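Alright, structures below, take your time with them.
Presented sequentially are two complexes of chain A, the first with chain B as partner and the second with chain C.
Moving on to the complex of A and B:
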């Protein structure tokens, strides 16, 4: 183990990250610039003329060269592919580089470095390529003790050895000479192996089929969102389309002309504030239920648990009365006096099931810790913020994500709230309402399926990004909350 | 160059230091203030923390949650019982014409399209919901069980498959519902293209459009609800299967037990509490189906221009809040209490059965 080589490799990797990051920033910046350049159809009488969207052939001037529609589509597509590859790779590498110890370096690490270098070549990130290849040789030196020169020299020998090994004849047991017992044993082993292989094959076939059923709607969504109107409504849809025909302008139309930018902003506002509120109220309440002794604690808690059974539909009827004119007056007032955000956020700033979930988590923290803290003069609140919240932080994080997801999916309550507001209420739609109730139609009244599906993709992709980033937390959280019963 | 870097470093250090000093100062002032308050309390022999009973402290912690819960959870429960006894409650001017005890319940139960199939559509909310529950729940549970057992038996690619199967959980119901409706389109829909491969005549084979028939639309709805419900079930089953003690399987392996018997005699009995729990929760969830129908068929609950309806119970309730019968909240409250009664019965059954331990 040469510690210096290990340190050197780590240092090189760190320098590589700078260039990786630069490349990612460049991709994103270029993508945004080009996306901004995309030309939209003209607006006639306050309405965008979507009929001519697919027949437009604008030319764009970029960095002194003229690009037509197809070249522009290709460039943006390539940039998106680069981003899809580079960003996760960067994140994973940073994480690995920070946690990898000297004992985990093996030849596999060196190989993967080389593969990453090749990916970097494909995404025009040449500086990182050079650094990674250099790093590969450092790692080879670390693992095998070879120099670069010795390494290349050793390759033919290794190949020759491998071939020789393959040519080596297998020892054949003469079956005729076996006694009957050994023969039957051998037969049975062979049969078991066959059964095992068939079963494994069947299992994988089943899993792959189910996985295809799960994944195809996503693929079809992304594919359709990039098609033009004819491509999305034709009788013989294509299953693959070339990158020059990925119409990124669909997304721009959805974001600007169909107002999805506003709806996403609304949803983010609602999600952020309701999540902050939820965390604040549930942590305090769960602490009270878990640690503070008071009369009627169990009674109060069981009342809360009992209300979990009641279907949400029962609440919505009265809550609608509560927030409307005869109650708090947040909606249903004359135009300009409505508080749609309050009405959408406040009813959801607490959740009994999260209180329950957190309380269980707090209860697992040993009581002696609390007593020790008290002896040291720690107040209750300080104990909560300094000891309990850090210990329970994975649970709190899971709750955060689940809460964000549920606001992202909220449909019926925002619909009722904004439905009474007429045209004004439409400005406060959340994305689910917008997806269902926006008219994705042409002048002639035909549904623009490609735009509708592009909007769906726009709503789904952020969720998927969050999911892949915090997969462990989400999946563990679901598994555990399920087992809680 | 090096000089410049050092200068920049110094500059940032200075900024950091001043921010730090600022916060330290704030802290110092606060601590001084605290000390003074403490001294004052000591001098007058006041000890607020010592004398306050537990519930006073608890109230401070509980108040944010309890205030919201009181307004938006407890009050609605009480108020729904009040609403059902009102006759012709008018929301806009908050007036009623009289009181009735069972009037609203009777109106719901005898209403066309709640239990009794309506004459112009031939379908009712309760029948639709029951069909969805009794078809989608068993199929999804069997599928989830099969997938999680299969997942548990493989090693390579396990995490990959697990991630893929989890995807439907994190999606927006409306968004993917629209994609499903698009996939089941009559002309050029993916499903019809797929059926064409097997020689099925797909011209005019509608699923979610105006030429569709009841069972085809229902099939799409059930397919979609199974698709979106699988993720959670697989996760829960997989976690509980992984929690089974390995010794059982080792003992079975020594006895050369067939795989089928291992599944039926070890796996299923040992996770039976979880299967039962999932059954009950998914039955409850299926009773409350709403978003999937809206996503596939719109707020009307049926493809345009057909003579049937796929309304569920929840959809029936919501039509009184916004929709054709808007404003009749008493009837909505009555219908939601009926839904609550169904769910209550199911929950009580679950509690009773799981008390007796479902294993063996």
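Moving on to the complex of A and C:
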């Protein structure tokens, strides 16, 4: 165990991360530049003629060379593949490098470093490749004590030894000569092994099948969103298409011409503000119900819990009346006087189920901590912010994510609110409404399925990324609260 | 600083209006700089008393004085107390350093001075090297030291300890006992220590208070209390193995045991409770003859079981004074080690 070598390896890895990050930033920048260059069909009479989208063959000038449509598609596709590989790899590597201890280093770690170096070669990140290969040799030195030279020398010997071992004949035990007990023992061991192998095979077969069943719809969604109209609607859809035929322009059409950029911005605004509001009210209410003694606390809490039994659809109409012209006047007013965001955010800045969830969490924090804080001269509010919230932070994080999810998926309420006010309301659509109500139909009567799917992919993919990044917290939240999700 | 409780009473009322008398008219004066143990069986109101001194529980009646000041209505943080909890109540998300710093932060102590005080205090309790760890990375004894440091860093006028040793293993408990005593001596701070462990209380405290059902039973120095218990409860509560107690009659100023005269007492005739500690018996051939029921040899001492007035009595005598196979033995006991209690009130009648 040479601690210096371990530290050195960690340091090299840290330097590598800088170049990894630089590469990722470059990919993203290149992607954005090229994506911006993509040419859209002309606008005729205020409407984009999407019928001709697949027949356009524009040429692009980039860095002094002329690229046709197919070359452009290929380059953008390769960049996207790079990002899909590089970003998670980067995140996982950073996490591992921070948590890995000196005892966890073995030859597999060195090998995986080498494999990563090869991946870096494929993504044209040559500096990282060099650093990683150097790091591989540092790790080999750490694990085996070999220099680079000694290591290469040792390879033929190791291969020879492996071959010799494979050639070695197995010693066959003559079972006839064994006594009955040993024979039966051998038999049961054999049977055990067989059963084990079959069970393992069955388990993995099942898991792979299930994984495919889950992954294929997503794959199909992304694939279709990249096809042109003919490809998406043909009777014999292709399961694989070459990267030169991935039409990234579909996404550009969806984001700009079909206004999905605006809708995503709306959704993010609503999600962020309603989440901030929810966290604020939830933390305060949960604290009051968990810690502060006041008359009627239990009764009030029971009433709150009871409201959870009323289905949300029941109070939609009354809520609407509250925010509309006869109530607060946020919607249904003459054009220009409507407050669509307020109407969409304010009714959702609190959540009974999260209050309940967080209150249970707060209650688990020992009472003596509160007493200690009181003796230490800590006010109630300071105790909440300095002690309770940090201790319950995993729960609060879970609530945040679940709330972002539910506002991202909200449909009925935003639909009703933005349904008022005609064209003005349409500008405040959230993505779920937009997916449902945007006209993907052309004047010719065609429904642009590939664009519709591209829009859905645009809506789903961020959620998937959030889910994979924070699935521990999400599962935790769903499992414990038993509500939402 | 002197700590005085005057007629301190706490009544808890539950939802159904049932009242529980937790602390019953406590009158105690704790001298400045002493370590006083509140001792009693669980549920006797000792923690409630402590929390009332701390200000976390409001007394139903009575007053609390710190020196000359009446602090009964003062908020906990203004009383200048340090409190150590049974489970230490360290903030789990903060490092040791921040845990100790937290009270100073609330008192708006200047940054440099606060850091200095935290470091000094950590060195005093012997955790100077652990300042950047989280409480979960510490052993029980270390967590306890952090809790004491956090209580002391405010320079409190009174230090309150709520069963601080009950979560530690036996050896650590002995060690921490001495440690607490040392820290208390070094700082000279008036300390109140709650425990249900009589041995702990007797070894650590300058004086102790025995409580039962919220009532003060006796307030004395540990050894005096052991030798001169004020009543039957105190006599039974202190000592291991426990005191032998049995009923006996007094006739013509003579205590009658097993139909024979045992010793002379200056009490009117009648029935009384008698208490004798096992270790106060001596085996002597000219003593009171009893039939041995059982003998247990436990090294240095020998435990003898016999009957006094049909009650099983244990005596702890020197192993040398008992021979193998002996079935009768003569026992003596000093008259001032025989405690005679009133049958009604449980008050001691011949001693103290």
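Operating definition for what follows: the second predicted complex is superposed on the first by the 457 of 485 C-alpha atoms of A that agree within 3 Å, B and C clash if a C-alpha of one lies under 4 Å from a C-alpha of the other, contacts with A are read in each partner's own complex, and residues count from 1 in each chain.
The rule is simple: contacts are C-beta pairs under 8 Å (C-beta built on N, C-alpha and C of every residue); 3 or more make two chains touch, one makes a residue touch a chain.
Since the model is a prediction, treat every value here as computed from it, not as a measurement.
In the superposition on chain A, A:366 makes contact with chain C only, not with chain B.
In the superposed model, A:391 makes contact with chain C only, not with chain B. Looking at the shared chain after the overlay, A:216 reaches chain B, while chain C stays out of its contact range.
Once chain A of one complex is fitted onto chain A of the other, the partner contacts of A:270 are absent, as it touches neither chain B nor chain C.
Among chain B and chain C, the chain that touches a larger number of residues in chain A is B. Look at A:453: by the touch rule set out above, it reaches chain B but stays clear of chain C. Looking at the shared chain after the overlay, A:110 reaches neither chain B nor chain C.
After overlaying the two complexes on the shared chain, residue contacts for A:380 are found with chain B alone; chain C is out of touch. Residues of chain A touching chain B in their complex: 199-200, 203-204, 206-207, 210-211, 213-218, 220-221, 224, 233-237, 280-282, 284-285, 287-288, 292-297, 304, 307, 309-322, 324-326, 346-347, 349-350, 352, 355, 380, 405, 408-409, 411-412, 415-416, 419-420, 431-432, 435-436, 449, 452-453, 455-457, 459-460, 463-464, 466-467, 471, 474-475, 478-480, 482-483, 485. Contact residues on chain C toward chain A in their complex (touch as defined above): 51, 54-56, 76-78, 81-83, 85-87, 89, 91-93, 102-103, 106-107, 150, 154. By the touch criterion stated above, chain A contacts chain C in their complex at residues 366, 368-369, 371-378, 382, 386-387, 390-391, 393.
The residues of chain B lying in touch with chain A in their complex are 53-55, 57-58, 61-62, 64-66, 68-69, 71-77, 79-80, 83, 91-92, 94, 143, 146-147, 150-151, 153-154, 157, 161-176, 178-180, 182-183, 185, 187-188, 190, 193, 227, 230, 232, 235-236, 238-240, 243, 259, 273-274, 277-278, 288, 290-291, 294-295, 298-299, 314, 317-318, 321-322, 329, 332-333, 336-337, 339-340, 343-344, 347, 354.
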